[in-house]
Every structure is written in C-alpha cells, then in structure tokens.
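Per-chain residue numbering starts at 1, and chain names A, B, C, D and E are given in the order in which the chains are listed.
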Amino acid sequence: MEQLLYASEVVVNGLMAGVMYSLVALGFVLIYKASGVFNYAQGVMALFAALTLVGIQQGQVPFAHLINAAFGTHLETFGWTVPSVLAILLTAAVMVGLAILIEKLVLKHLVGQEPIILFMATIGLAWFLEGLGDVMWGANVKSLDVGIPQGLSETVESATFALTGYGFFIDRLDIWAAVVAVLLVAALVAFSQYTKQGRAMRAVADDHQAALSVGISLRFIWIMVWSIAGFVALVAGIMWGTKSGVQFSLSLIALKALPVLMLGGFTSIPGAIVGGLIIGMGEKLFEYFIGPMVGGATENWFAYVLALVFLVFRPQGLFGEKIIERV
Amino acid sequence: MFYREAGDFKTSYRDDSQTFPLKLDRMGYYAALAVAFLVVPLVINDYWANSVFVPFLIYAIAALGLNILTGYAGQVSLGTGGFMAVGAYATYKLSTSFPGISVLIHILLAGGITAVVGVLFGLPSLRIKGFYLAVATLAAQFFLIWLFNKVPWFYNYSASGQITVPERTFLGQFITGPQTSATAKYLVCLVFAVGLAWVARNLTRGTVGRKWMAIRDMDIAAEIIGVNPLTAKLTAFAVSSFFIGVAGALFFSVYLGAAEASEAFGINKSFLVLFMVIIGGLGSIFGSFAGAAFLVLLPVFLKNVLVGGMGWPTDLAAHIELMIVGALIVFFLIVEPHGLAQLWRLTKEKLRLWPFPH
Amino acid sequence: MSMNDLEPHLTPDGRQIGGVLMDMKNITLRFGGVTAIKDISFNIREGEIRAIIGPNGAGKSSMMNVMSGFYVPQEGEVWFRGAKRPQIKPYEVARLGIARTFQNIALFDGMSVLDNIMTGRLTMMKSNLLQQAIWWGRAEAEENAHREKVEKIIDFLEIQNIRKTPVGRLPYGLKKRVELARALAAEPKLLMLDEPMAGMNVEEKEDMSRFILDVNDEFGTTIALIEHDMGVVMDLSDRVVVMDYGRKIGDGTPDEVRGNQEVIDAYLGVAHA
Amino acid sequence: MKLRFASLVAGAIMAAAPALADLVVPNLSYRTGPYAANGTQYADGFNDWFTLLNERDGGIGGQKIQVPECETAYNTEKGVECYESTKGQGALVYNPLSTGITYQLIPKVSADKIPLYTPGYGRTSAKDGRVFEWVFNAPANYWDGASVIVKHLLDLNGGDLNGKKIALVYHNSAYGKEPIRTLQDLSKKHGFTLSEIAVDPPGQEQKSQWLQIRREKPDYVILYGWGVMNQASIQEAANIRFPMENLIGIWWSGSEVDVQPAGAAANGFKSVAFHGAGQDYPAYADLKQHVIDPGKASQGGQHVGSVLYSRGLYAAVVISEAIRKAQEMTGKAEVTPADVRAAFEQLDITPARLTELGLPDFGPEIKMSCENHGGSGMARMQQWDAAAGKWNVISEFTEPDQEILNPLIAADSEAFAKENNIQLRCN
Amino acid sequence: MNAVAQPEGDLRSIPALLARNAAQMGNRPAYREKEFGIWQSWTWAQVQDEIRALAMGFLALGLNRGDHVAIIGRNRPAHYWTMVAAQMCGAVPVPLYQDAIASELAYVLGHSGARFVVCGDQEQVDKVIEAEEANHAVDQIIYTDKRGMRKYDHSRMNWLADVQAEGRAARQRFEAELDARIAEPGYDDTCVMLYTSGTTGKPKGVVLSNRNVIETARNSARFDGLKPGDDVLAYLPMAWVGDFIFSVGQAMWTGFCVNCPEGAHTMMTDLREIGPTYFFAPPRVFEGQLTSVMIRMEDAGRIKKALFDHYMKLARRIGPAILDGKPVGMVDRLRYALGNLFVYGPLKNTLGFSRVRVGYTAGEAIGPEIFDFYRSLGINLKQLYGQTEATVFITQQPDGQVRADTVGVPSPGVEVKIADNGEVYYRSPGTFVEYYKNAESTASTKDPQGWVATGDAGFFEPGSGHLRIIDRAKDVGRMADGSLFAPKFVENKLKFYPNVLEAVVFGNKRDFCTAFINIDLTAVGNWAERNNVAYASYQELAGHPQVYAAIKAHVEEVNRSVAADPMLSGCQIHRFLVLHKELDADDGEMTRTRKVRRNVVEEKYADLIAALYEGRDSVHTETEVTYEDGRKGRIAATLRIEDARTFPSAVPAPEHKVAAE
C-alpha cells in the first residue's frame, strides 16, 4: 500500500515534470508544423528569453561587458528595476523582433532546402543566440523571480494526508506550470481556431502550396509562428528559470524536450502535452523503481529509450500523421 | 585554369572509375600525401599536433564514419559521441586485459566492437525514419554514456571512473601515453585516417555504396530493384560505427590519454561531428576532411585572433567566438547547403572550364 | 489466334512467344473499404508485350504493385515461371527476375546516370564487404564486368553523353530512359513499365516506343506495360488487358479489344467524353 | 586567395605565443559553458592575486609574473589545447580547475616536467608523492572533504553515527564519484548507512532524487554537486523542506552562486571549506589599493571576496609561495618548472606566513614532503546566512580521518603506478 | 623524281606494313575507339589478328581477287580493318560517304560493281538494300552494329563479328590461302578506290595504287616527322582521300595510333579527351571552334574577359613569331608564358589542342584571322593543298614558313607547274592510276607525261616560292569590262566573318558583282539571344533588319579589302541578299563535302539573281526543300535586297603578272 502511494506520488510528480518538458516541446511543434523546421534553437530561445527578462527586470545594461572591454567603461546597470509584467511584455517584444530577424536573415534564404539543412541552421542559430545572450547579459547565474511561488504545496500535502494518510509532495511551481501550460494550449487552440491568422497558420501547416495559392503570405506566417514560439520559449524560460536559476544550462532543456517530441509526433500540439506527460511519468517511475538497482541517473537515457520503444511500434509518433508509402 | 585534360583519356573501366580520374588531381593527391607523411612529421610540435593535426585527423575519421551513415545511407544519427565512447572504452578494456597485443590491433578491434553496438542501435532504423531516427539515436548516446559511467567494470573499478591509457609502443616508439612524441601521435592518426578514407572510398564506389545511396535517395524504389533495406541499413550502421569506434579509440588512446565518458564523449561530440559532415558536405569523403578541418581550425583561429591578436577578455572572446561560429554555420548553409565539398567541386568545375564561364 | 491458345508460336514479325511466364489468378486488392482490384485474372506469356490499359483510377498501378510484390493482395495468387509465388518482400521479387519502372520516375537523384543503372545489377554482385573495402580482386573485377554490361545498355538506349551526369539534372524524357536502362540492367525475365510514355511529347513517345520494341526484339524480354494512352499501346502490344474501376473488362489482341463493345463504352467512351 | 587564408590561419595560431616572460603561470579558466558562473569567480581571484604581487611587489623576487589566460569552457579538449598552447611560453605550474582536464594533464605534465597544482580537486591519490611526482593537491582533496564532513557530523552527534542515515547526492561524473569509496569505508567504521544518489549532469531536474530523499528521510545529505546541480539540489531540498542545516556540501557546492538562487530558503546550508571567504583580511586593503581601485581587477572586480574568488586567490597564494620558495632554494630569480616542483615538496605555509601575507587564518597550514603532496587535508565548516548574504565559519580546521584515507590513497596510487610502470620515489 | 621508286624492303602493300608493325611494335596501341564509355584499344598485334580473322571470314564468304568491297559507315576501327582485310584478300576497298542518299549509293555501287558491302548499322543496310534493288549486284552485306538487324533476311547478310568468328574458326582452311593472297599484290596494283565528290556530274572512282599510297604516306610522314606514339583523331568521312591517307596510309607507315570518336555528336568531347598530336580539319571546324570560343567568352566575367583580351592581344603580336622560332624579347616571352598559364594553355586544353604537334587545314581557304588565332596560341597549324587524284599532297607548308594566304611549297616528290592559263599542274608518285571505268576522263585529266590538272588557278609567290590559289580555274571569269572575276576569293573573305556561313558571288560577264549570303545560325542566333531578338526560324532571323545591317557592314568591309587587291578590285559586291534557307547537300546545292555547287545554285535561284541585277528592292520566291527524312516541301519568302558601298581600287597597277592572265 505504501509502495503504491509512493508510486502515485512519483506518477503525479512525473506528470508535473512532464508538463515542464511539454512547455519546451510546444515551441518545437509550433515551428515544425508551420514551417517544417526542426528548431533545435528552441531551448536556447528559452534561455535567451529568460536572460532578457531578468536583464530588463534588473535594469542591466545590455552588452555592458562588451562595451566595458571595448571602451574601458564600467557600465553595470541603469539603476532601475522594471515590474515583472512590463518586463515580460518587453521581453515578448524582443522575441518578436528576434523572430523577424530570424526570418529575414536565415529562413528566407533557406526556403526549399532539405530538412536536415534547416535543422543544422537552427543549431547554428542556437550557438549564435547562446553567444549573444551571454554577451548581452553576462554569463553569471541569475535568479528569476516573477512572483511564482516555489516549494511544497501544503494544501496538496494536507489534502492527500487526510485522504490517504500520506502527504503528497507537489511543487507549487509545478502546479503553476500546469496551469500555465493549460492556459497556453487553450490560447493556442483558440488562436488557431478563431482568428484569421490562426486559420492561415493551420492552412500553411496543412499544405504550403495550397496556402500560397490562396494568397497567404508565407513569410508573415513564419514570422508569426516564430514569434509565438518565442513567446512559448519565454514561458518555458520563466518556469525553468524560476526553478533553477537563469544560466547556460537552461539551453540544455531542449534535450529533455526531444524525447517528448518523438513520442508525441513532431506535428501535434496534443502530442507534445501527452508525450510530455508520458515521458515525465515514465522516467520518474523508472528512476524510482529501477534506478536504484542499476545505479540511478537513468532519466536522461530512459526518456529516449521509452520514446524509441514507442516509435518502433508507431514510427510517426503517438499523434503524428501517418506516413503512407507510395510508388 | 590549371587543368590540362586533353590527352588524359581512359582505356579501361579501371582507369575510368579511379578516385582521381584527372591526372592533375592525382598528382595533387600524391603531393598532399607526400607532404602529410614526409614533411609534416619533421616539423610538427606538441602544440600543432595536439591542437590542430591530431584532433583534425581523428575528427575526420569520425566524420567519415558519420558521413557513411548520414551522407551516403541517409540515416541521420546523433549517437556519434556514444559510439566514440564505445571505441574508447573497448580500447581501454582490451589494452588493459591483453597488454601483449599491439594497441593498434586493439584499436581496430575496438572499431569492430563499436560496429556490433552500432548495428544493435541501428535496428530501429528499419522502422523509424528521418528526424525521428535522429532523435532515436540520442537514446544510444545517452544510454551508452550512462552505461560507461555506471558500470565500474568498464573503467576497471578505478576510484574516479576515469580511464587512463596504458603506455604502449609500436616499433620501439611510444604511440600511447604521455611519452608519445608529437610525430608518433600524428603519424598513427594519419595512417588510420588515410587508410580508412581509402576504405570509405572503396566502399562508397561499389556495390555497398550504391545500395546505401539507393536507400538514401528513394528507399522504396531501392527495395523494388532488389536492395534489402535491412542489410543495407545495418551495414551502413556497422561500417559507420566501425569508423567512429576507431575515431573514439584514437581520441582516447592517442589524443587525450585519459577520458571520462560524459565529459569526452557527450552529446556535444555528436553535434560537432554532424556539423563537420554537413559543413563539409554530405556524401563526400573530401567533405569529411574539409568539415573536420573547418571546425577544428576555426575555433582555434578565432580564439587566437580575438584573445591573442586583439587581447579581448577570454570569456567575451569565447562568447563572440560562439556567435561567429554559429553565424558562419548559418551563412554557410545559406550560401552552399551542400557544403565545402560542393564548393570545391564548383571551383574545380570553374577551373576546368577556365577561361570559359560555362 | 485465340487468347486461350497457349502454344508457343512465332509472331508475324518473327518473335518467339512462349508459354505463360506470369499468371495472375483471381486477384483482389482492397485498401481499407475500397476495392482497388476485383477478382482479376490474366496471364503474361514469355516474349510478348502485354499491356494493361484503362482510364485513370482503373486500378492499373495497383495491379502493377501487386505484380511487383509491393502490395499483397487479399485474395488470389500470383504464379511466376510455373510456380506459385509465396508472399515475399519486394526485394526478393526483384531477385526472381522482375524489374520495373515507375510512373513518377523513381531514380536515385544523388547518383550519376551510370551509378543509377549500375544499381540495376546490384542483385547480381557477389563480392563481400571486406573485398569491397580493399577493392582488390573480386570487387574490382566484378565492378568492371558489370560496368561493361551496363555500358552496352547505355549504348543501346543512346544515353552515352549523359553517362556521368547526376540524374537530378536530366530532363524528364531522359530520366524515363535512364529508368528503363536501370530496369534493363537487371536482365529481367519480366520487365514492367508503369506508364512509360506519360508526360512525353510525340517525338519522345516515338523514341520510347522504338526502345520498347527493340528491347523486346533484341533481348526477347517479356514486357508488361501500363499505359493510359491507348493509341500507343495498340501499336506496341501483342495482347491487352483492359481495366475499369478495378474490374477486367477486356482481354485479347489489340484488334479484339478494339472491337469489344464494353471497352468502347467504358474506356473510349470516357476518353472521348 | 586560399594561400593567403592559410597563412593567416597559421599566423594567428602562431601569434598565440607571446614573448617569453620571466614567470609564467597560465590561468586555464572557464568563463563560458555550463560552469561559467563558477569558473569566472575563481579565475578572477587567481588573476587578482598575481596582479597584486606585480603591482605592489613588482612580482616575486623582482620578477614580474605573467598570467596568460586561456578559456577551456570546462572542456577537456580545449583544456588540452590551452595546455599545449601555453606550455611553450615557459609555464611554471598549471591549475586547470577541472578534474577532467586534470586527468588529461597528469600524464602530460609528468612527461613535460611541469608541476600541476590542483587544490581541492583533481585526482585524489595524487597526494601520494611517491607516484605522482609532478602533481600537488594540498591542502585538501575530495576524500579529505568527505571525511571532514563526517567528522563534523560525528561532532554534532556526540561522536556516534550508528544507525544514522546519510545520503550522498552526487554529480554523476568522475568528480562526483570520488567520495563514494571513502564514505563507504567511513560508514563501515561508524555504522551509518549510506545511500548514493546520482544526478546526471547538468542536473536541473532532480525531482525523483529528492522524492527519494523525502521518502527515505536520511538524517543528513552530503552534496557533491557542481554548477546548476547545486542550485537545483538546494532548491529541491528547500522544496521538500529538508532541514537545510542537515544538507552539507563539499566546497564545490558551497559558494554564493549555489545558494543565492534559492534565496532565503537556503539559509542554514552548510559546506566544508579549506580557505576563508569575505574581505575581512588585511590583504584586501592592498588589493583594493593596488588592484581594484586602479581598475586592474580581473573583469572589473565584481566578485571580490566571494567563496570562489577566494579559492582562486588561495590557489594563487600557494603557487606564488612555491615560486618564492623555488627562488630561495635556487638563489635565482628565474626559476624553472623543475625548481617549482622541488619547492612545492619543500613548501611550508605556516599560519605565521599567512598572517605575513595579510591572510591570517585564511587556510590551514600546508606542509608538503616528497611522500605527501596533499598537505594536511584539513578543512572547516561554514554555514550560509541568507539574511546577511554571507558564509559564516562554524568550525576550526579539522584533520580528516587519515586512518581511513591513507590506505585508500596508497592503494589507488600504487595501482596507478603498476599500470604505468612507475617506480616509487622517496625511498 | 621521274625515276620509279622502289618499295623499301617488301613493304609494297598495306597488309605488308601491318605485318611489319605487328612484328616490330606489337604492343603499341594501333587503334582506339570510344565505345561503352572508354577508349577501347587494340595493339598492332591485336589489330593484325583481328584483320586476319576478318580476311579469312571474307574468304569463307567467297571474296575473290579483284572484287570491290564497299564500306559505308562512320569512322570505326572495324571499318578500317575491313579495308585492310579486303586488301589481304586481293580485293579493292571502296569507302563511301555514309551520308550519301540511296540514289547516290546506287550509282557508286553499280559503277564499282561491289560484291561485298560493309555497312555500319541498320540505317546503312537499309540504304544499300534500297540502292541495289534494281540490279542485285551485291552478294554479301556485312554489318558492324547488329542492333535492329535480327529481323532481316540473313541469306546474304552477316554480322561482322560473326564473319570474324567464322574466319577464326576456319583458320585451318584459309590461313595458307590468305598468306598467298597477301603476298600477291605488286607495288603498282590497286590499293584503294575513292570516289571524288564531284562538284559537277557523277562521282568518279579514283584508283590509287599501293605505290601512290605508300610513297605519299612515307614522304608526308617524314616531312612532318610523324612517329609511333602520335595520336590522330579519325573523324572525317572515310570516303575522303585524306582520311584514308592519315588513318590508313600514314598510320600504317609510321605506326601511330588512330582514334575513332564515339559518334558525331561526341566528336568535340572525344577530341578533348584524346588530345591528338597530329590533327587535320577543314577550315569549317576551326571556324566553328573559334566562334564557340568567342561566344562563350561573351558571357565571361569582367576580369576573365579582360585577361582573355589582354593575353590574346599579346598572343596575336608575338605568338606566331614564337611558334616560327623567330627572335622574341625575353620580357615578351615571359609575358607569353604567363599568358600560357592563364589563357592559352586552358584554351588549348578545352579545345583539345594541348598536344597538337602538327595540325593541318585544307580543302578550302581559311580566314587569316582564324588561322592566326590558332597559330598565336602556339598550335602549329599549317595549310596544305591537295586532291584525291594526287593522293592528297600537292603542296604543304614546312614548319616555320606558315602563312595564311599561301598553301606552301610542293610536297616532297611532287612537281608543280603553272600552265599558261594559270591552272596548276602536278606530277608525283601519288598521282592516281586512273578513273575507274572512265578512260576518257582519265585522259583529259592526266596527260601522258603524268601531269595532272588540278582545275585550280594559282601562282607561285615570288620570293617565298609558295603557291597561292585564287579560285577554281573554271570559275575564274571576266567581268563585262574584262577585269578578273574570282568569286571564291570574295566568298572566302565573306565567310571569314562568324556571322556568315556561306556566300555565293555572281558576276561573270556582268557589270558588277552580287552575292547570296547564308547566315551562321549558331553565331547569329547567339547574338539574337543576347540582344533579345525573338525569332522562330532561320528564315525569320535571316530577314531581320538588324541582321541585314550587320551583314551589310561585313560586305562593305570585304569590299574595302578587295579594293586593296588591284587585280581583283572589280569583284566588289554591289548588291546582296540573305538567303531564306541554308544551302543544303540534300537539296543538291552543295556537295557532301559542303562545297557549293555554283551552277545548281545559279539555276535554282535564277529569279533571285535576276532580281539582284534588275535593281529591285525585294523579291518573292518559292523554293523546294528536302527534309531530313527525305520528304519534300516548299517554302516561300520575300527577300530584301541591299546595296553595299564599294571602294575605288587603291593601288594603280599590279606589280607582277599573275599566271591567270
């Protein structure tokens, strides 16, 4: 009985962790669906967004280090702080600007290239953004606080204790993340269902040629999609940044999103969510039950193996479009 | 411009299908080999060997291997780092278990072991295609690294989990361990690189190579004309992994001398080698070398320019270097998505047509 | 001469027609709820040019895919060279001596014309990986021997001047020819051509017709071809199967088929409508 | 065109070698990559001490010190490249601040005959001078740290840890695995149960590990983390309300960088340390006067006085003392790496000497010998005061349990000697 | 030279030369053919074996002494071998033009009475069958390429390879017989019979003896120092005497290697691959190549173009001098070497001339610009003058004495004299035996002393002793005012312009000269493309006003240059038109060697000529044309007639009296 309770706690926490993965995976899916680009830079975009957010919040001088090195000045901060909401809005604007630049400088020139080339380009982009983020805001660890609470949720603990005699641990941040994820998905769905731009986006995702022929500007759609992905990255950045500080390692969360994508299918938003939940739950359960037997630290590879096993049976992912072979 | 092809004709299929059908190319190739084998060993020092030549040659081997899989057989892999680790740990286990046998043989055996592991992880490729496969190979990457970290047998139960290469000699010269001279390191890697490039060329020009390319270009048509996708893909995984295994073995035993799985063979290695292949040119042996040279030299070059030349703080330089490398990669992909090899081919075409524009 | 007369004989232009090479018995193929082929039987005799015609969507391509082993029919049997063909993979079918071309050209774009045609001979190459790796002895000898064979085909199809061109750069008509060359390189017992003249202009069609006749004539290769364009087929083929909506509505010599009222209604009627 | 580029490349690579300086102490630092935040502070401290010596004393023994910095990004290959590119400049001693790189360099420095100084990291068994002629890791190593932590716990529990549960949360790498054997031996000796919990680097996500801890309820958790893993661990510990004073980090888990992201929740977190922190030392006045105020501080002096800054500074102090000693021993101002190595073996940094340096009680006494390249192994505990934002020292320098450690070290180093055909020295 | 030379040793026939080559240099390459993607090669020893097998096959098929063996096909080793095999059997090979139409074939087959015909492929077989339907004189048809031949009635038809196989199988039976037949022919027995193209009338069969061929081959090979190891590209029609001399006579004599291209469409590629050391081409080929060089350079980038122009200017200045071994300054030589690296070398390489040691052009006059272009690149291009009846060589240019406007000095062993009417006569060991079955023509061409009339008018240039040819003797006429009319002289000048493909000048017994022009579709079409001039057909392009303007400029340039030659200044063109169709051999307007049949043109386009002289501005005409497949059709057009400026004669009087006077 106790084992079962522990297991359920692990499951619940796994699901919560899965939500965090899904937040990153969502950005991938959006871009892949609309432009066929496998955007490896999504993780770095989250880092960049978080760095920018903290930088704006704390009134850091962008490129201070570079300016200091070049001109011998001693710039640090502007000496003001920006309220969180405003900072988030400003950061979102920066991400839109970034999307426009990416479209203008990169994507536009790579139209019609093979997917692997586009993929590689996004890795190049990732390196660039990583360097840029560091040059702009510095490489030190920053703590991010936009008012999201962290730590054990007593409500849950006491509720579950009353119910089962064992108080479940759930991080309040995770609850917030789940709520935000639900809101985000709802917003995305609403956007794509009920707005003109959203419908255009779906049209492009379905068939580029057809969309072009009815007069949808592909470039606009791409900018829009990258902007939305940038916003999703910002959300992921806020969540992960709050959790473990804003720093280089944040970009590595992309690696946690990849098995989620594999599992859910590259083109499915529900896939990203369900995939995240399965991966989160799966890896936590495995780490909890099997981990100790094999020495632990299994989460990284187990997520991939889990996804791999799924794929062998469903090569297009859980929610991916079926691949029909023709000659 | 420099080509004089008139009178350079072929009277047999053997001549016609040789690697460098043009006499000038052939001469250039022999000249490059002569320089590589006779001149460089005389002038090389520790810095050039360890910072430039040895990593270049080893990465070239790894890139060759990945190019066989990705460029020729069309199977995208991000498991290179993991497979290199297999090569490294296999060499370590072999050379510590059988000290009487030459480490060069151990390196080749390590390649063989990696090939077996590669085949194992290549099995999903029969069902999974494209990016899904790329991501799936990450499973190999993470699992293998985890395995080498977790199972003490692999690192002979040493306290830290590091593996350190034993000193071994060949023809009385140290070829592994700290006493190895720069020349010896370089030559060992050069022999492997040249030999394996030759093997890669042979494989890719013949039956196996055509099967790979057929699978890459149109797998269904390939199957209908009689290519067994199972064997074609698995041989690609096997051969590719052999190369990568040898690269990993050399990386550990000749270059680093000591290694730890997650540090030396992490996911970054996989990306780096994939980059080399793409920047160099998919499906090109020359491209593998060019890509390796580009990505080994560029950071060294930038670092020396920015820090050594311009005196910038190292961190700023490193970040700007990251930006430059990233931007250059994007730029390259935009300008020539088929890589340096294609650029080289076009240049050669131009030179052959000179002075005509087309 | 009736279509049921399976005695070997010589055609008026001196070609040898032998016994049954491939026999399709009561083939039915369904995709989900859709029946693409409904209980069709016909045979192909050694040395003949056999055409399958029908309007778009008649199930011709599905039939060819069944013949080449790419689709497995729900019902019916495929007999080849006097034996029932077990359910095998497409690449094993190729090894039985069946080669084909594709309606939407399926060449290997990353390879040269020569390499593409060489792939046609892959099933005959025997050297192992190690021999190829060192490119010594058997591997090289084999390569050159097959190259010679392939060069004969290149010569036959008059594509010498594009030998080393990457196929991606070729115009449509030449691609079709290269694809034919690749199929021929396999020295097939049965050569299947999937709309070999689709999308060609009159001149290219004439060339292709000539090549098809020459192949049949020179090498005695049995040819099964699917074609949409009825005129071309009538001139080329010895016997014709007519399909419509997955059914067989006619089978016989071009003259017989031409006179068949059902064919006229279903096919010609549609075509002229 | 191609030729020009090639010569440019060659030129640039060659340009990496500056003119030979009198005393060269390369700083293989990392200010980028996953551990940039830590590496930056350390490198600043390292640089600033030498700057101080140059500015205030005109170097050591009248010889200026050059500290060429080379970015490794905590990457072994880059580390090797840095080593190779700087060794030609006459480097006297290396301090790469990376266990991975240290393992690369141990065989190389032995062949090149350049001493390697790895305070508090690197290969623990390098303490055995009989085997590792060119490597020094005083004042303390990973195993010392583990032992000192256990001693502290013994102190807290009246010398008895019987039946207690201790969990080790470690960075799943060579570094993180170091203390396992020591702790296993100590658990046998003291009767506590040890559970080992690995965290795969980088380690932002440790939910399952901490759920496990929450369930097992160990009395103490020892943390061997690095980089983001520390922050995540401390945060997760706080999240599950693990008593912060029962979470004890090795010195690599005990810097401001690690505790600040968790904010107030990190209050009470303990770590072991082998040197002081903060600016309450007389030397800082000199630093301020000669280095910081004139704007000569490395990277603008943002981190002066932080734990990692102090550690870098401490490493620089020991190295400069070794050089000074080498000058004394040879009577020459220009010393060779071999001289410095010999000096390391003779090094004796007494409390008095530390006071002289303006750093009273900054570190334990270091006394090395031919056999002992690791010093006393003494370390002390410090505790984070979140409100004040500073580390408070809560114990004196304590000696580790040499009884346990020495056999382990001897076994490991002798195995190494055997594998590599090394003749034991110091007989 | 009147003394009758004797054969060296017993080398008195081609088979004898072959035996010598096989014995002395059995392992050297003798023939190569681009086939199946590579240059299939045969050594002299192999070639001997192949030919002997073929000859024995012929014997098995019943080839008799004195039979004629017609050969019709493209240049292939097998075809050369059939000639030698026929000779071995004592038969006479008769190579025919492969593009001859059936009616032409019928005549020559009938005339020669060929019993055996060797055909290259199905197409030739069809023609032969059609041609001899009437008389059925042909006993055996042998085809080289068996494609499409399965369905034919094989009762008197064989595949060449089968004939060889048969010959090999029958070795026991025929070896002795063959050796006996090889030993039979004497030095003066027939070696080969070649049909002249015949600008007028029916083709005539020129009988050449072994002496003719071997002596000529020997003399000419020595003249240019040809040696084993040289490579020649055999691509000119096998029926042409030159090809027989180069690819059989000289090849057998010196033992150099004959390379056959894969086909006409790969000729240029094959030329480049082989890179011959000894090369022969009519001016047309050189013109074509130069045109394509210029066209391709048009698209080159600015730097390349500047480099090209700069170095070509330099080359024009000093290139020929360097080639002729004249003194050139050190600096210029250095600059030339640089030019060689950047321009000349690559250019020669792309053209396939890198290795050319001896190059000849003949058949027609070559434009001095074109000639100098190749010379300046360092290609040793020379001119020769000859004809079938002379076994090619009458005069040729020795190294170092090469000029565009002469045809050189008499070849070794050749005597040349200029008759009173200016016609050139020669006598040499190569002088033909007779016209086959045409004693009358033989007698009218060759006098009892052995002098042969060339039919060309020319004179020896004082000083240099080089021969200059002005025109066909019979074409040289008088204007109404009595001044000299040499149409070819003017036509050649016109044809030197890349835009002009052909020109036909009229004016005999008239007041002034007029001309028909054919534009070069490649050159003009390219110009049109670059200037966005749309056109649908040759006819449309030919009638384009801008084209007319360009041609007019050319005509006036020519007039200016003609005016400079006092003797011929009356030949300036006053009026011209651009023809609405290309002159075509299929329409009988040209010979198969692409020489204009002046009388045919004059007859066919009488209406146009009339219009030219009537002073009309335009003329409507309808013309019958023959399409490639033999069908006939008519095209109609209205042609514009332009007047061109003429110039006064520059120099008052000729300094020396020309033979033609």
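Here is the rule we go by: a residue touches a chain if its C-beta (ideal position, glycine included) is under 8 Å from a C-beta of that chain, and two chains touch if they have at least 3 such contacts.
The structure displayed is predicted, hence computed values, not measured ones.
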{"item": "Middle chain, criterion being Cα centroid separation", "value": "B"}
{"item": "Chain whose Cα centroid lies at the greatest distance from that of chain A", "value": "E"}
{"item": "Relative to chain B, chain with the most remote C-alpha centre", "value": "E"}
{"item": "Averaged-CA centre spacing for the pair chain E and chain A, given as whole angstrom", "value": "77"}
{"item": "CA centroid of chain C to CA centroid of chain E, Å", "value": "47"}
{"item": "Distance from chain D to chain A - Cα centre to Cα centre, in angstrom", "value": "35"}
{"item": "Distance between chain centroids, defined by C-alpha means - chain A, chain C (Å)", "value": "51"}
{"item": "Contacts with two or more other chains, residues of chain A listed in rising order", "value": "134, 139, 295, 297, 300, 327"}
{"item": "Multi-chain contact residues (two or more partners), chain D", "value": "31-32, 36, 40, 172, 198, 200"}
{"item": "Residue numbers of chain B (touch at least two other chains)", "value": "12-13, 146, 149-150, 220-221, 224, 313, 315, 319, 322"}
{"item": "List of chain B residues in touch with chain D within their complex", "value": "45-48, 50-52, 55, 96, 146, 149-150, 158-162, 164, 166-167, 177-179, 255-260, 262-264, 268, 297, 300-301, 303-305, 307-309, 313-315, 317-319, 322"}
{"item": "Residues of chain D that touch chain B when the two form their complex", "value": "9, 12-13, 15-16, 18, 29, 31-32, 36, 40, 69-71, 73, 75-77, 80-81, 83-85, 87-88, 99-100, 103-104, 106-108, 110-112, 123-125, 172-175, 177-178, 181, 198, 200-201, 299, 408, 412, 415-416, 419-421"}
{"item": "Residues of chain E touching chain C in the complex", "value": "35-38, 147-148, 150-151, 262-263, 265-266, 269"}
{"item": "Chain E-touching residues of chain C, taken from the complex the two chains share", "value": "13-14, 114, 147-148, 151-152, 154-156, 160-161, 163, 214, 217-218"}
{"item": "Interface residues, chain B side, partner chain A - complex", "value": "70, 76, 124, 127-132, 134-136, 138-139, 141-143, 145-146, 149-151, 220-221, 224, 267, 271, 274-275, 278, 282, 312-313, 315-316, 319-330, 333-334, 337"}
